[in-house]
Amino acid sequence: MRVAEHLNEALHTLLAADPSVHVLGEDITDPYGGAFKITKGLSTRFGDRVVSTPLSEGGIVGVGAGLALAGDRAIVEIMFGDFAALAFDQLLNFASKSTAMYGRQVPIPLIVRCPTGGRRGYGPTHSQSPQKHFIGMPGLALYELSPFHDAHALLTDMFARQAPCVLFEDKVLYTRRICRDGVVDDLFRFELTGGWARVYADGDLPPDCVIIAPGGLADRALEAMRELLIEHEITCVLLVPGRLYPLEVAPVLDLLRSAGTVCVAEDGTAGGTWGAEVARLLHPALWDTLSGPIRLVSGADSVIPTAPHLEREVIVQADTIRKAVLA
Amino acid sequence: MRVAEHLNEALHTLLAADPSVHVLGEDITDPYGGAFKITKGLSTRFGDRVVSTPLSEGGIVGVGAGLALAGDRAIVEIMFGDFAALAFDQLLNFASKSTAMYGRQVPIPLIVRCPTGGRRGYGPTHSQSPQKHFIGMPGLALYELSPFHDAHALLTDMFARQAPCVLFEDKVLYTRRICRDGVVDDLFRFELTGGWARVYADGDLPPDCVIIAPGGLADRALEAMRELLIEHEITCVLLVPGRLYPLEVAPVLDLLRSAGTVCVAEDGTAGGTWGAEVARLLHPALWDTLSGPIRLVSGADSVIPTAPHLEREVIVQADTIRKAVLA
Amino acid sequence: MIGATEERVRDLTPVADADLERMLRIRYFERALLRLFERGQLNGTTHTCLGQEHVPVAVTGLLDPEDFVFSNHRGHGHFLARYDEPHALLAEIMGREGALCNGVGGSQHIFHERFLSTGVQGESLPVAVGVALRLKRTAPGRLACAYIGDGTWGEGSVYEALNMAQLWRAPLLVVVEHNRIAQSTPTTVQMAGTVAGRAAAFGVLHHRVDAVDVNVIRAELAPLLARARSESRPVVAEIAVHRLGPHSKGDDTRTSEELREAAEHDWHPRYAAAFPEQFARLEEEQRAFVERVVDDVMIRPLSAWERP
Amino acid sequence: MIGATEERVRDLTPVADADLERMLRIRYFERALLRLFERGQLNGTTHTCLGQEHVPVAVTGLLDPEDFVFSNHRGHGHFLARYDEPHALLAEIMGREGALCNGVGGSQHIFHERFLSTGVQGESLPVAVGVALRLKRTAPGRLACAYIGDGTWGEGSVYEALNMAQLWRAPLLVVVEHNRIAQSTPTTVQMAGTVAGRAAAFGVLHHRVDAVDVNVIRAELAPLLARARSESRPVVAEIAVHRLGPHSKGDDTRTSEELREAAEHDWHPRYAAAFPEQFARLEEEQRAFVERVVDDVMIRPLSAWERP
């Protein structure tokens, strides 16, 4: 099953189980079912609870927050994550802030879904991975879809926080198969612990390097790990958190302490990255075991060109990760 | 002279020298002269080039970008930096992106001025320091006003980039005296090198600790340094960059290498901070000379309460910095 | 001049004690705040609704306890007209025990029962649409009411919200307190066209009231609210008012003529002249009451807050 | 049915070779793109303006070279109507040598002389206001023209821009290509009210044209543009059109009836029927020309870009 279908199924399950869940977004109703078809079938099955909206990214996040404030649960799809910039105020100054600024906890169960990433040739304003800009808003949690995490579990987790969450979903990941039963492929296995997916070739040996990456990077990280193992005899473990922020590092600290090299890879441009935040959390904890600073891999400090041969130059490739590990 | 008057003077000089400079913002014309009086006298002297706008933060940044694109130079005042969230899309997806996404450099000389920070009792939506959210937009540079940097020089620098810049201005700093001729007070001296202000009590000794902070933190950093020196006999040097991003660390690397402890302090809430970005740049360069990870001081992971006794708990105080250095 | 005044006096319909009392309470509350500021006993900022007190009193009379109210920076009147809790509001503004939001929100950020204010202009309109949609489903006949100023029509969020509200038939009441100014900027240089035109653009019902008489305002708005409730649709109620005081504190740059004009439209001397005995009685009551509120709250200990 | 068609045919005024040629060029250009996509020779996405070609051709005839044009996602026609550079546009879309923006911008992000497109709906309107204000000062009589779709009226930035444009008398021409749909969503469920009402809300002049005849469109819009130029003020030109093809590629979920209706309003068969000889001659010319453009660009090496 592809990740897109899996997520679609999770939404179906969620809406079926809880009549208070509402979904808003541009072009999300049937027969169109959303630009990436993630909401397919929802409007047919759940009617009014699934609404195609005008082009009003700020507005629909506000409406979602209003529904959530009043007792519903709301999911808002932003057609391209790039346009979440239009909802920045609603997220920063209303939805996240209102959970705490009235002197007590106010429940605002709101999920904003953002398809992200390049590699589809959509060009500079439709290919970004804007995760980093949303880090560190008090009251806002950030999640990212992965091939390993169960989408329904993630969504359930998010609603359970009773606070706004953004779910980032890599657009190429949509087209990839989900991994289940601990199996990734002929070489790699995985397990889920404490919200993290741990992906490994051989589970017993302490790895030479741990790669930490959000779900959208999984394909490229695995490709890099395969080459590193086969061509360089370097064993890596990949750690993929379901929740990017706030990040809980405790469950993986032992593993991280067993490796001298830690590398964080992400899409999104250089500067002020998620990796820098991960490093902030890990450097104090790993200061004595690290052989050098945590290595940060990100997209280039650049717009993302439309033409594939130019896009390739600025977007993280398997090889970018491989080189960072070898450096 | 207060920083507010100094900045006002710089704007006067800038507009007098260059007829293409236009200023837009809410309530910026005389007799009101802006919520913080930074634009006082400008409209009287420069007429139409200084325009009070409707409440349209996104729109006026767009208009500023349009003026800049067409050949003017534009300065847009956002009344409270918190509301720059409403202009996030214009900055991320238009102004900064347009400098590069058309395959060649397109000049967009635009400065967006944002009063920031708490300590004035304005409450959760009027007290934020949102610098961190703007880090790492390709094509966007971030500056911050300080008591040491010449405001006219900063503004001139920004326009010279021919690309959009955000200037953050601490609201309490407005009320503080500027420092000139290398003198801070009875104890401290400063000098400017490579865009950085270096503030020190005794310039010859290698310091025990280097504190890096944006201009808005200067008062609290100095207070901490004074106590550290007098009560703990710990010498600190304070480094204040005029440009926060992209940050040029080369001019201060030697100094940083001479200190075992480096501490970065900033306003703004915890998580995904500017300090994490500074640490990303510095850890590789200082790995061998640091006695431990770079220490990051920021506001709490919290909304900023209105009541002063509660606000104090979440905003960086001199003592927060002192404790971080002592830790 | 005297003739005109007399005419205006004659115009006022008899006012209920409860209404006049509330208008006066708000007036004295706001005055107390400015006094506390002058004396350095208040910190931060505040936006008083001096001259506009009758609007929330009139509107609140049309609201149901289950309606949800969104307020803005100039919200003390909106709150005090609806809730009999001046102590809790003042405690919030002063950061004292018994504060509505433990002193975290302060003057501009209040959440109490079905009342929520926030300090970013325009932001609450889409939120109000969401709340209205929920009410439509779970409590038909109830509405979400959002107070905004004329200047707030500069914000794009207002239009996104009106469009959605009309498309989805959200029972939303937008109360526009049109005081002809935004902070320091006259509406004429901020707003092209009219509020009526803006509502019409979306097919949203609109009614403008020019009166200061609470009964008249209420009577004129009642049918509008009735339609919002029964037809489940958004409506815009625009009320012409005059801001008597500064935008926040000490920041009034209007000419003395402009200030005089604003003062001429104040409901306070008109009600005083029209109903001298009733007015004197209630005014003395409320003056003394607010004084006691201030005295009470001033000596309370600081508010406590458990940070999440 | 036949009668109606004849009437429509009769309605068309004689068309200049230059106009019909450009309409046909755009038609063949867009068709070529869809064909290239089908064959897997184009990557990414593209939004063709099939059925809407006559709008930019009509509008461009009213523009001055010094006017600044803002285009959107559906911008090939806007560009091709103004610039005789189909090679450069196709090269941009295909990332080949000679591309307008070195292949960085692609279909949705073009900057060439005084033409700029971007892919975030509504974002360019405030920018256009800024450009218009500069033009007003430095080149009186010139204007900024921004093409937007009906769906884009969902975005708050549109209203912030209209308000400022009217307040500051910016010479701004907003061309609304009202094709009654936004991606997959009919305008009826996206837009409450009308474009005319939205313009009126700001006191902005508006004119709606329902014709497909380029000369008629031009004649109807000429006075509007003249006022924008001479009075320096914003105007909204709304043109009713029908989107013939998918939103981007292969994503048309309209019913066959809806598609038939769109096809019935297509200018193409009507011009073919009205001016058979002229049409056949120009069509053959442009078909062949675009084919050569495609052949030429296809074999070019990949574009080079120096990253800043």
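A few points about this structure:
As written, the chain order gives the labels A, B, C and D, with residue 1 at the start of each chain.
By definition in this document, a contact is a pair of C-beta atoms (placed from the backbone, for glycine too) under 8 Å apart; a residue touches a chain by one contact, two chains touch by 3 or more.
In this text, all values refer to a predicted model and were calculated from it rather than measured experimentally.
Across the assembly, the mean Cα position most removed from that of subunit A is the one of C. Subunit A and subunit D have CA centres that are 37 Å apart. Measuring from the averaged C-alpha position of subunit A to that of subunit C gives a distance of 43 Å. Multi-chain contact residues of subunit B (touching two or more other chains): 53-54, 56, 58-59, 82-83, 86, 89, 93, 100-101, 103, 123-125, 302-303, 305. Multi-chain contact residues of subunit D (touching two or more other chains) are listed as 99, 102-105, 109, 118, 120, 153-157, 160, 163, 167, 189-191, 303, 305, 308. Arrangement of the chains shown, judged by which pairs touch: all-to-all, with no pair of chains left without contact.
Contact residues of subunit C toward subunit D in the complex are 153-160, 162-163, 166-167, 189-193, 197-198, 200-204.
Put simply, subunit C touches subunit B in their complex at residues 43-45, 94-95, 99, 102-109, 118-122, 151-156, 182-185, 189-191, 251, 253, 302-303, 305, 307-308. Those residues of subunit A that touch subunit D in the shared complex are 26-27, 29, 31-32, 35, 52-59, 82-83, 86, 120-126, 300, 302-303, 305-310, 313-314. Listing the residues of subunit C that touch subunit A in their complex gives 68, 99-105, 109-111, 116, 118, 120, 123-135, 138, 144, 156-157, 160-161, 163-164, 167-168, 303, 305, 308. Those residues of subunit A that touch subunit C in the complex are listed here as 51, 53-54, 56, 58-72, 74, 89-90, 93-94, 98-106.
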